[in-house]
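Single-structure report; data block below.
We just call them A, B, C and D in the order they show up, numbering each chain from 1.
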Amino acid sequence: MKKLINGTDTVITDALAGMAAAHPSLRVDQENRVIYRASGPRPGKVGLVSGGGSGHEPLHGGFVGYGMLDAACPGEIFTSPVPDQVVEATSAVDGGAGVLHIVKNYTGDVLNFTMAAELSGDEGVEVASVLVNDDVAVQDSLYTAGRRGTGATLFVEKIAGALAETGAPLAEVAAVGADVNARSRSFGVALSPCVTPAAGKPTFELGETEVELGIGIHGEPGRTRVPAAPARNLVRAALSAIHDDLGLSGENLVLVNGMGGTPLIELYIAFAEVDSYLRERGAQITRSLVGNYVTSLDMQGFSITVCRLTDELTRLWDAPVETPGLRWGR
Amino acid sequence: MKKLINGTDTVITDALAGMAAAHPSLRVDQENRVIYRASGPRPGKVGLVSGGGSGHEPLHGGFVGYGMLDAACPGEIFTSPVPDQVVEATSAVDGGAGVLHIVKNYTGDVLNFTMAAELSGDEGVEVASVLVNDDVAVQDSLYTAGRRGTGATLFVEKIAGALAETGAPLAEVAAVGADVNARSRSFGVALSPCVTPAAGKPTFELGETEVELGIGIHGEPGRTRVPAAPARNLVRAALSAIHDDLGLSGENLVLVNGMGGTPLIELYIAFAEVDSYLRERGAQITRSLVGNYVTSLDMQGFSITVCRLTDELTRLWDAPVETPGLRWGR
Amino acid sequence: MDTPFFTAWFEEITDVVAVQREHLTELDAAIGDADHGANLDRGFKAVREALAAKPPASPGAALVLAGSTLIRKVGGASGPLYGTAFREMGKAVGDAPEVSPELLAEALAAALAGVQKLGSAEEGDKTMVDALAPAVRAFSQAVRDGGDAPEAAARAALEGAAATIPLTARKGRASYLGPRSAGHEDPGAASTALILEALRATGTR
Amino acid sequence: MDTPFFTAWFEEITDVVAVQREHLTELDAAIGDADHGANLDRGFKAVREALAAKPPASPGAALVLAGSTLIRKVGGASGPLYGTAFREMGKAVGDAPEVSPELLAEALAAALAGVQKLGSAEEGDKTMVDALAPAVRAFSQAVRDGGDAPEAAARAALEGAAATIPLTARKGRASYLGPRSAGHEDPGAASTALILEALRATGTR
């Protein structure tokens, strides 16, 4: 394993130092491991806090800023943050209108955020949560920890963040977040596994002619392994899983997301296939993103997330945003 | 080799189809292989055209739009575009004020752009060129094809693009581009080689405990191979090469660029080291970018580019830009 | 069992987790996300530091401090779960200066209840519960029968962990694999077995 | 040598480049960017198509069309260089319906001059010039001596290409490697040797 790190123990602190140096718009609390907007909480605005294991950059720290999050709590690589971080972030961003936790549905994230929400509640902060669980690759979700939260997290953060900037109350911000999640589905494909600094070797083995369908974003293996195939077929496998569950029609927000090690030129190839698939079904790509947004370290592969838009959601998507990872209108 | 492609022969056309579908702000001419602003040329504005081998995305196509390029000409993977593409693009973006070619210093790029400039001149378009050659890893440049053009290309495109939007004449736009190039230096490090779709295997071999210093962006090996080392040491090796040549002081624009396969979290670790190195020398990071901007397909590694700013250059850097790869102020 | 006993238990856990770190991570790589060894190693090292920095006045205080430290330092699924387990144990023993085997049996049952309340895993879901539940039963049974309770609990935990191998996971990250989770030992069950083996070893010092 | 001869030469080049595509790419991977085989394969296939689509009226027209096609289809360093080489050859033979060995010698010299004017490489810089220059000399010499000129040129090009192995590159992408470029054959020199060998083979049909 070769990594651009100083040591396996200092990955998070060193990266936070880099974020602090690179982005004057952010304030990084190294001790508590929280990334804030440098501008601090805005009185009367609902605060948005998210977090999760590191290794998915720019999620979440790269989405702190005007129009999205107020704070992000990075855990160790692929490990949920601890409640203390979230409690600290929650009280710091409370502008008196309460705080929304955006939580990806993993046992660890749910447990730690739930504990944090209780502790913050004890401290008198009003907390609501949105649980993101968009990953259709998880079948039989009744008999599992449920669907995972993946690409839709970005949509929830952007759209709930835009609504929060308007001064909407906590319940409404939480409701729009839940609505975005309910309207979104994702499916991921790995061409290669990733290597965590701590493990130092691939998290699963994948033959030279195999790809893994239904991978999550934690370097965990997916659900089925199939022979390597053209981009067209892989995209169609992903979209048909999404279509079966969501029904693809109308106006859509589409994310073709790289897992970290896939060149952008290949993501555009995948996007071209998404475009033709949706056209064939009479569905429309109203807004889109192509790039590395919710990654899995250096994994080669991609995920597709589709959100069925309403006019209101499109409007909130288009609202100005100014974060290291997503920026327009400012 | 596993790639997210449909076939090695259709990589460029499929990716262009994806870009066209993803970005309504762009118009893609598939036949001539040119990416344009959808809005077309603006009368009286100098047109900016760049191009080069594909595989460096988002460079150049991702930098077409308000405040940067008017057109980009993508060649095959790592292969300069042909003169026809450039001639086509040049006449299409000419708004009567002439056209600036931004050319990275590689024999192939120089030859093809030179031929194109002559042909465009024959057609009556006024053409000027900026040659970007910022890569200090190329030593003895008198006895070689000269320094390569790498990360500074992005700076030249942004800053010359901003000046062009103001209606400045061709000579001034070319001069600011040349000035940015003269004030910029880069150095790249590879932790792994990249795999081109056509070759199907790594372009060079690198042992499990080796890194390659001074790599270019075409998957070509670098100048020296050294044992793998902490990020800190690699960054310092890169910066000391830059410092020896440029002298690091004053205000700087810094790009910590991923080669395509390196996680963003690691680039931030590198950026933290750049920050401390510059601080130690009393130099300041006035503006910065951290991410994948001038890539080498799926190569793991990074490059650092430093440009010594003037107030005027900072102002042009800050000017609004609206492209798929770089956006602010709009 | 007095306060030094519980401090020694955490010493023992810290040592064995450090040694088994790679092994636990490998188990987690197979059906999870390859961080269980690192998580527990980080957590128990913090527990050791916390106990040294602020020596607890009672077994209950030691257990609560250890549990809170795990919650504050581990993250992931195992942090809150193990943290809750030790905190519930601590609350169950209260401020008793000495913990009798009977009281420890109650405390272990409280730990299990805490884990199940938080994580809603049943036995057979392929989680740490599959090692903890039989260990709790064996400990109580041995106390009632006058047997070697820590020995019985350690053995039951080990067997419980081994018995997770053929199971299909229904909780935690491994559940995403569905049938492909079968054939691998659950990392949390394996670490629970280590923790109870550490209890046995501490008792034989 | 008439128009069909030159068409046959390009047929032969196209075939041998297709066969040697991987080999040329491997040479380029070692000291360049692994595209020389793909570049020439794409280029000469386009030449074949262009000659078939618009059969040339004279050897000069065939050479100019081939050169222009390479410039339009190859890109990279080799596209303009080989394109210029064939265009200069074509211009040198003019609209003669038959090309004598003497005229071909002149045309080859014009090709070399074109390549050097464009790329400013000298012999010894480890480029295609190292194969082309000795081939041009050998061809002229053999014409003067009444020898087998294509045979002499092909041999000289092959030797020239082999002689690039120990050289340190001073032009093109390989120059970035400095001393590490030594020990590898220059891909452009290798392809020039193939092109001249194809000339010889066409003559013996």
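The definition used in the following text is that a residue touches a chain if its C-beta (ideal position, glycine included) is under 8 Å from a C-beta of that chain, and two chains touch if they have at least 3 such contacts.
Keep in mind it's a predicted model, so treat the numbers as computed, not measured.
**Student:** Using the touch definition from the top, list the chains contacting both subunit A and subunit D.
**Tutor:** Chains in contact with subunit A as well as subunit D: B.
**Student:** With a step meaning a move to a chain it touches, how many steps does the shortest path from subunit C to subunit D take?
**Tutor:** The least step count works out to 3.
**Student:** Taking mean CA positions as centres, which chain lies farthest from subunit C?
**Tutor:** Farthest by centroid: D.
**Student:** Quick one: subunit B and subunit C, Cα centre-to-centre, how many Å?
**Tutor:** Spacing between the chain centres: roughly 54 Å.
**Student:** So, what's the distance in Å between the C-alpha centres of subunit D and subunit B?
**Tutor:** Going by mean C-alpha positions, subunit B sits 32 Å from subunit D.
**Student:** Take the average of all CA coordinates in subunit A, do the same for subunit B, and state the distance between these two points in whole angstrom.
**Tutor:** 29
**Student:** Among line, ring, star, complete and other, which best matches the way these chains touch?
**Tutor:** It is a line, because the chains touch in a row without closing up.
**Student:** Could you please write down every pair of chains that are in touch?
**Tutor:** A-B, A-C, B-D
**Student:** Can you check the complex and tell me which residues of subunit A touch subunit B?
**Tutor:** 1-7, 11, 14-19, 21-22, 54-55, 57-58, 62, 191-192, 208-209, 211, 228, 230-232, 234, 256, 260-272, 274-275, 285, 288, 290, 292, 295, 297-298, 300-302, 322, 324, 327-330
**Student:** Where on subunit D does subunit B make contact in their complex?
**Tutor:** Against subunit B, subunit D makes touches at 25, 29-35, 37-39, 42, 71-81, 118-119, 169-173, 175-178, 180.
**Student:** Report the residues of subunit A in contact with subunit C in the complex, numbered from low to high.
**Tutor:** 53, 75-84, 106-108, 111-112, 115, 137-140, 143-145, 148, 196, 198-199, 203-204, 216, 218-221, 223
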